[in-house]
Structure formats: C-alpha cells, structure tokens
C-alpha cells in the first residue's frame, strides 16, 4: 500500500517536491512499524479477550512482548501475522495525511505527527471497534445498543482518522503558495493551477492501491471467527471490484456534466476518475463483508458523487488538499459507515457477528424499523470525529505556534527537494531572484554554523543584515501565509 | 493486470496522450466490472452444470442473482471468488484493444466498444470453451471429436478475442497522423517515428504483466476438478517463466539480426524484448497446464519470432498498432492453440480432462496419428476468429460511418489530453499554428454552448465563417484520414 | 523482484542509459530462467537427499529431467514450485550486479557474466548451504562444527554473491566517465554529480523490492520440514518490517548528521533512506526465521549505518557503484550472517534445525560461550567470498583484456541507449562535438559492413584516417579509462 500511496503523491505534486513527498511516504511506513511495535499494538489489542470487560485502551504486549500468550484469535490466526496485517493498516492511516500536507510542511513536524498518530490516536479508535473489548465492537459481549458498530475493514479507523487529521492539519497549515492567494495574500479569483509531476505515476499508484485493497478487505476476515471465511473474503473482493468501478464512473461523469454546465465544454478528467475509484473503495470498506453486490454498486456510485462535491467544497472554502485525500477518505469514510447502517444484509450480519440487528432499510422494508446498527455506527462515527479532532487540533496548533509546521516561504518557492534534500534546483535560472536569494541565505547559514565563534561578530555587523534585507525583498511574509486559513 | 496494461500503454504513447490512454485503461476495468456483473457472467457460465446439454450461451445468474445455488464448481470453489477471477480475465480481453487504438480514438466509441465486448462477444467465446456446456469444451461430456479443445488460460478467449478486435478496429480507424502518411495523405517511405512517453514505465508495465500472468495461469486450475491442483499450478508457473524468457531472447536476437542485415548495424531493441516476453507468455497460455517445461521453451522461442515478423508485417501493410498488441496477442494466441494441439502431454491431458487424445506429435512419435485435439483446437480457433470479426466489423464500421470513431484531426495533432481531459498543451508554442486554431475553435464552441440563444445569429453571420476557414487552413481533411485504410 | 530492481536502476541512472539498464534487468530474468533450467538447479539441488553424503555440487536433474522423482522435500513441497522459487532467487543474485555496472558496460559482457553466475557460481554457494548435502548446511546430518551455518533466506547465497561480483567487476571496469576523474584522467576533488533519471521510479522500485522481500523471506520456510510453518513465516515478515524501518531511519539520520558536520547544513537524503531500507532488509535476511523482533530492530539499525559508511568508503576508494549495490548487499550480507551467529534464538534454532548451538550472545549471557554457530557462519562467509572472487576475478580480467567489457568512450558520452538500442540522442545539439563525431563514426562503420569488399581500399586510404583522427580529437583515450582502478 505504501508503494501505491507514494506513487499517487509523487505523481500529483510538483516536480520540485517529489523527493520530499516520497520520503514522507517512506518514513510513514517506517514510523508506523516502530510506533506500532512499541505502543500501537499494545494500545489496540493488548490483553484483548473474547467475553472480557469493555476497556478504553489495551495495556499489555508493549514491544510485542509475550504476544503469543493468550492471543485472542488463537489458534486460528498467528499473533505475529496479525501484528503484520495491523501494522499495514496503521501505516495506511498515517500516510493518508502525507498527501494532503504535501509541498509545504516541515520534515520535523511530519515525523512528530506521524509517531503520535500511529502510536496513540489511531490505536484508540482501533481498540474501540475492532478489539472484542472495545466499547463499540460488534464482537463485544456487551454490544452497544445490543448491536455494536460494524466497521469491517476500517472506514472509521483508517479513513476517517486519516481524513480528519488531514482536514485539521490543512486548516492550520494553510494552502500552498499560489493556490488560492497571490504573493501578497490577495485571494485569487480561481484556484491557481499546480502543474503535477506525472499523471502516469498517479494512475499507477491508484491501481496499486486498488489491488492492495483486495488484500485489506479480504484479509480482514482474519478478525472473524467463523468457518466459512473464504466465502466472506470472496464477497469482499466482489464488493471492492464493483464499488471502485461505479465510483470511477460516477465521478467521471458528474465532473463531465458539471464542467459542461460551467464552461460549455465537458472534460473527462482522469484525476477525477482515479480518485473516484478510490472513493468507491472507501465507500464499501466498512461493509464489504455484510453487503450484497448490488449494494456495493449503489454505495460506490454515491461515493463517487460525494467525492466530486467534497472536492469542490474544499476549493470553495479555500482549503488546500494536494491529492484530494480529504474528500476521498473522510467524506466516504462517513458514507461507508452509513451504508452499513442502512444496507447491511441480515443473514451476513448474523453469520459474522451473531447480531439480529441489520441495515435499517432491510428492517423497514419488512415493516419494522430497527435502527440499532445505524445508531451504533453513527455514535461510533461521532466518537472518531471527536477523538481525532480534539487531540490533533491542539497538537497542530502548538506546532504552528512554535513555527515548526510550515516551511519557510522562500524554501517553498524553491521547492522542498532543494531545501531539505540536497537536490539541484530544476527549473530555476541562476539569476532568478528567489533562487539567488535562497543560495545566499544558505551560504550564510553554513558559514555561521561551521565556525560560529569566529564569524559571529562580523556576521552580526555586516553579513546578517543583508540576510534580513533579502527576506524583506521577498514579496511574501510568513504572517501572510499563516493568516490564510 | 490493469496496472500492467496501463503502464505499458502510458509508456508507449506520446506524452500528449498519456491521460487519455490511462483513462481508457481505467474505464476498461470499470466497464468490465459492470458488464460482467450484469450480463457477462450470465452469458458465460449461467446455469452451467457438468454433464448438462451443450448450449451456445448461458441464461441465468444475471446481476449475480442466486449465483451460489447449483454452482457447477461447488463446493471446491466459491462462486463469488470465481466471478472475481473471471472478471479479471474479461477486463484483460477488453484492455488489449486499448493499446492498439491509442492516440486517435474518441472516448465515446471506446466506452461503447468496451461494454459490447465484455457484455456479449467475449462471454460467448468463454461459454464455448470453458463452460462444461460449451460446444468446444474439453469438460463437456459430449466432447467435440471426442477430445474437445483445450485452452487452459485463454489464448482463444482472451488473446485472440482482444487481438482480432484490435485488428478489425485499426483497419477501420486508420493509422495515426504522421505514422504512415504525411499531412496530405501521401505514403511515407519509412514509418514516421513516434516519440514515446517513457520506456521505463513501459518496462514496468511489462514486468507487472509478467508477474500477473503467474496468477492467471496458476489460478486457472480453479476450473479443473482434480485433487493435485498445486502440482498443476506449479507446472503453469514454470512454463510461464521459461516461455517468457525464451520469447524475450528470441525476439531480441532476431530483431538484432534483421536490423544488422538491413542497416549494417544491429540494435538491441528493448521494446522488442519486452513484447517478446509477452509473446512468450501468450504462447504458453493455452497449454501451460498440459505441457512439459521443454515445450514451453520451444513455444516461447517461436512466439518471439512470430511477434517480430508479425510486427513487421503490420508495418508493411500500413496497419498502425500503437503498442504492437496485435502481433503479441493475436498471432501468438493462434500459435498457443496450435502448440497444445501439437505438444500436449498425454499424461497431463488425461489427468486433467480424462481425454486420451493428446498432442499430435506425441501420437505421431508412437506410430499413430491422433490429430483430434489439434483438429478441435483449430476448429475452435476458426470459431473465435469468425465470431469476433463478424460481430465487431459491422459495429466499428457503423461507428466510423456515424463519425463517432476517429478523433477530430486538429484534436489529434494537439493531443487528446488537451482536447478531452483539460490538460495544458505541453510542447506547443502559443503562436504555433494548430494550437492557436484549436484554442479559437474551442472558444467558439464554448460561446455557442453557454449562451446559444443570444449569440447564434451573430455567430451564423460572422463568427462561424472563420471557424470553417480555420478548418480549411489545416492541411488535413477528415476524409483524408478515413481513406487511409 | 525483477520489476523492483529494474525500477531502482532505471530511476538511478542517467536518462541517456535507461533503455540499456532496463534491458539488462530484463535479460537477467531471462538468462536466469534458462541458466537455472539447464544447469543451475541441477548443480544446486540435483540428487539432494536428507541424510545423504556431503557433496560439493549437485549432479542430476539437468533440464529439470525427472525432477519429481525422489525430490528431497516431497511430499510437503512440489518440485516444480520449488524450482520456480529458487529461480526467482537466482535472478535476484544476478540482477544485483546490473546496477553496479550500469552506464558503462557492453551488452555482450553482461550476457556472458549473467549466464556464468546463474549457471555455475551461484549454484555452488546454494548447494553448500541450502542443500541437505551441502558442506555448511545446518540440515546436513554431519553439521559443520556440530552446528552448520544458518543462512535462512540468502545473505550469503544471494547478497554476498551478488555484492562481491559487483565489487570485483567495478574494480576492473573502472568508474563512469566524469565520476571521479576528469576527461584527462586527473582525479576530481569531489565526485562528479550524475543526474539521475527519476527519483520517483527509484522509490517505486525500492518499495516493490520491500514488498517482494516479504515473499522471499516467508517463502523460504518451504525449505524447512516442520509443521508450524505459518508461525515461522509470520516471524519472518515481522522481522522484515522492523529491519527495513530501522535501516531507513538510521541511514537517513546518520547521513543527516554527517552532512551537517561537513557542510553546516544537514540533508535528508531520500536515496539514503531508500537504500537504508534495503540494507535493513538484507541485515535480517539470514536470520529472519530465528531471531526475535527486537533483534531485527538492532540488526536493521546497524545495517543502515553500515550502508552509509560503506557507501562513503567506496567513494573514497574511487570505486564507482551506480546504485550503491555493494554497500547494500555485500556489507550487509556479511553483517546479516554475523547477526545470526550472535543473536539467533536457541528455541527457534532448535525448532527449525534440531541444533543446540544458537547465537553466541545468548550462550554468553548464560555463562557459557558456545560460538559454534558463529564460527560456522564465519567460515561459510569466507567460503563465499573466496569462491566468488577467485572465479569472477579472472573472468572479468579476461573480458577486459579482450576489450569486451568496457563501452567505447565515445559511446559512453553519447549514452548507451543511442549506441546499442537505436534511441534518438536526447540532449545533444546536432553540432555538439561528441555527437557529430559519433554519427560520423557510425556512418563509416555501416558503410564498411554493408559493403565491405567494395569500399575497403578507399576506406583504408582515405576514410579510415579521419576515423582515427576523430578518436584523437576526443580528449579521452581508452587506456585512460582502463587505468583508473
């Protein structure tokens, strides 16, 4: 999955930021491996047992110690294999945010957020719904509302968690330079065009993700203790195929229709179709094991529509999401949980969870109106939204206040590959103004650091001054960028 | 597999058409999912039973309804899993054509052809040879010639079907502008060089396909009801490895030899090696379960040679195939079926199909001359060629007659990414003639559409005229492009 | 895995050599398939039996004949599936070298080396440690030092073999033009910057390799005859995840620290992180089945450090490795074998190999000092190093002596894609000096070859002379390039 996300992001950003973006995706995987090894797994599943009391968080198996003893899925599933599968999930949740924040975030901020998310925020959500001791779990013996929430492959845990984190972060971080405001902070009439690196790589990444989703959705049957696991896995892959197909088609056509109305000429937008396919996949993620194929078609179709409108809403609100991760993952994470509440099939729900409370529409069509599953899913959704935003907002706010979040404006113009990763500037003429200033500033920094004691006075008197002047020359102020949210 | 084909095509086309090509590959997958959900599966396998009567087409399980009841492979295989596997096959058949038609076909035409192929044309072929009720099926109790045709992983169903469709389509569609004819329709002495987007992506796509083939060939053991399935699957992956290796080597060397003879200097052509590997894979697709490893080497070697000559023949006939899909899939689809007829191993044939009629060469080497399997495969091959060309030729002819098939000549020059997908023109100077004309023409269209009532008279009098003049300026006429086949 | 290596190399080399590099990677796979089919498998495992006498090399099953009879892993594993898995390993060993030699090696040399390696050199190492009749094998009944060497997934067989071959080859082949010496052979003060084709593709390749490693490491449980194979496989994937994560982080941070000390400004180098991840994976390859998760973290961390220092050492010694394959695979192949000797867990070693000799540190912490496993692994390591360098050094030396190894200097400047693969020159101005000379030289060659009898006298008198003059014009002599090692 990391390969998929890395390619989606590498394809979607500007050429000058490719290294930076790819490195963040790589570090996501690494951070998730360590974070989930040390704390994440313990908080998620430590000490979980079927029939045990409801808890807020796990408390044993830190550093995978004694992970095989009293493992709640033994002997069907090996604990180490389970860890690996869960780690892949946590890396996915973390990496969703990478795309949103691309091209304007400092490396350090990224590392800090990444560890916090996979080490604490995400595991709490996972515990709540996937551990048999979780408050919302349908596998808990004391099911919420007698039903428990059903989030089979992680609409809430992965997609909503990642999506909300991205949303909070982009609100605080502000848009990329030139996206919604010009150099002086004046709002642009229409969003600035950002030339992306390679649409072919973005498509490749989306197709890798699509493929990886089959593994995630069918692999989630691990967590169910029933004999007919292969039948459930088959239902999952069928739902995934149909959901992504209809998502791609609906967002492609809706966008064609909307552009046709607005400009007189419709556009078949590849990016819309790619993100539409992902939207369709997110839409069926929560329910793939308990829905019929035709429900996957309906869910994917609406998921594609959600995406198009969500994406346009973000632009209207001047919230900058470099790869449209928020409408794909947040909007459809919410929608996916609603799909389960409305259309989960009674037979499958009973087979998998021994619960008699299925989708509201099924119940309604039979004359009753059993909305317990829907209610449980909605409460669970509110819990995820609340927990993630309440914890992440202060965190990002503090980062921003300390000046650790947003890149230096000059660095953003030059491109993060040059400023952090030692790449050569690509398109810059050497006499180009921002580039010349950038080089001088860097040269100055180096001199200061390499021999701070000797040159400090000289710098203070003569060299430091032009540095400040240089910054003044740049027609953008740091405050300007901060105020744009 | 879609990822593989998408990358092969994205790498092989011109940069100005990358979005268009990738989108078509994506829509293939989506169209196949829906088409195969609604009708395709039903026509292919609906109501199939071992020992049932021979039928032309399936007739139940539309929209996957009641797919689990009386499924002919139960309880060994889950019906949903089987659908998923078959859907992946159908998407592959459809996407083969995308490459051939790249860079000059309208979006609408593509969508229509794609639905027709996966919804009807392909399922009929599948039913004929893979359903136990198919007329050519070796699993039918009334085997054709007492043997039935053996097409294990789809030389006929997938590769010939895709290849013939591509052949028919390119005959009607005509070559890309500047490929074989200059702007005035005068034949060029040597084919025009078309600069491809990225050879690295093409190589990546080929290697992904190679990898995916292992899944297809070994997964096809699903359709066999024998205990030692893993042994058969192992034979398939060995054959795939050896076939692709020898295919790549033979076409690389043959092309080196031919270029050396023609120009005095041999070229190791990467594209030849890549397509040679695919050719080797196609060559063993029909027989991978019933042939020995050494047969795979022979088949792959000749497959690579077939490809090189096939590709040159197409160029001589001025048939334009943007990714050489026709020589790879059609020529070697035919060859793969012949390989089975000649060299299928008696032991394996009996184990898998309970048939005593194996490859003709085996029988001949033992003094008899039992050509029943070869005959069955040849008849099946003729059936596929006949069915597909008889149905697709009128379809494409009608599309072309209605003007829905070929892109506008101006759009083709500018690149389909600009005309359909809202991309910025890449290499065009703004004062470039075709580009300026294109922009004016578009602006005109928009004005007309956005406010048709108000401006229609003015346009009729003044603005519409220069539009026609502009088209006259372009030194290419639509008729010109149509006459080139 | 070929897809991964191909993309790593395609991304890392200069644009002018992409085709050449990708083709070499493709041919690796093809050559390995044939070489391993004909001889490799026979030399590696032919006639192996548990409890049989110790031999230097296998001697039956050439061309996979009778491979199923008396197969030593029957009936647990199918012989064909085993061949396929082993072939994938051999292709990996061969392809490691491709990166090191990129951009300056002749095609013919590459083909010859590739067949030699997979057909003979590599199989001897495999037989020594993986066949139950191998002299170092822990599955041999006469275990070396009573313990035998443990190389679970191939630190010695694959990574050391590939790494040493690359090291020997680059010593003889010399660095790329402009890497360490200027055009006249004068050493440069700092290594010349080589602009790489696409960092995104390199990242993609690394992530594909990472993913493929899971298959290799968990698949290696095939070769163990114990019931709880899935538990072992799970341990392997956990070790792989943690090792690669810490490897990426340690090399990223170490490089940041070192560049900060040297230039006053730290660089987060993406290439370092990518190769660090691979280094971490190599570090746990030998031991993944017998180490605890925390050992994987330690091993990966040190592996990342090894890589950074190894890479810097190579540059100091002016040994040119285009993709840093030597520090990744050779240095950490050695380190991975030491990890096993120090930290193999007694329980796992006994479960898998029925040996009571585990890692030296475990034994030391319990008061004894049982270094038999460490000793066996060190002797095995020396055997690999000796065998590969003793056989490959004369081979490459002879190739070089015959002038079949290094590309023509003019061809190297123009780029191998133009000279071997018929590509158009990319960045060259037509009046560019080396390019013009190159074209003239080629034209001359063609004239000579196409019609050698007619023009030979004229060429001898008039045309051949300017050819020599042209070469003199080029400010580089072939001798110059040879003397640089």
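The letters A, B and C name the chains in turn, as written, and every chain counts its residues from 1.
The rule we apply is simple: a contact is a pair of C-beta atoms (placed from the backbone, for glycine too) under 8 Å apart; a residue touches a chain by one contact, two chains touch by 3 or more.
Keep in mind that this is a model prediction, so the values were computed, not measured.
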Turning chain A onto chain C by a C-alpha fit takes a rotation, in degrees to the nearest 5, of 120
Interface of copies chain B and chain C: same or different residues on the two sides (over or under half shared)? different
Between the Cα centroids of chain B and chain C the separation in whole angstrom comes to 36
Multi-chain contacts in chain C, i.e. residues touching at least two other chains, fall at 204
In the complex, the residues of chain C that touch chain A are 193, 195, 199-200, 203-204, 206-208, 210-211, 230-231, 233-235, 237-238, 241-242, 244-246, 248-249, 252, 259-260, 263-265, 267-270, 273-274, 277, 293-294, 297
Chain A contacts chain C in the complex at 2-3, 6-7, 10-11, 18-19, 22-23, 25-27, 29-34, 37, 63-64, 78-81, 83-84, 87, 107, 197-198, 201, 204, 420-422, 424, 442, 445-450
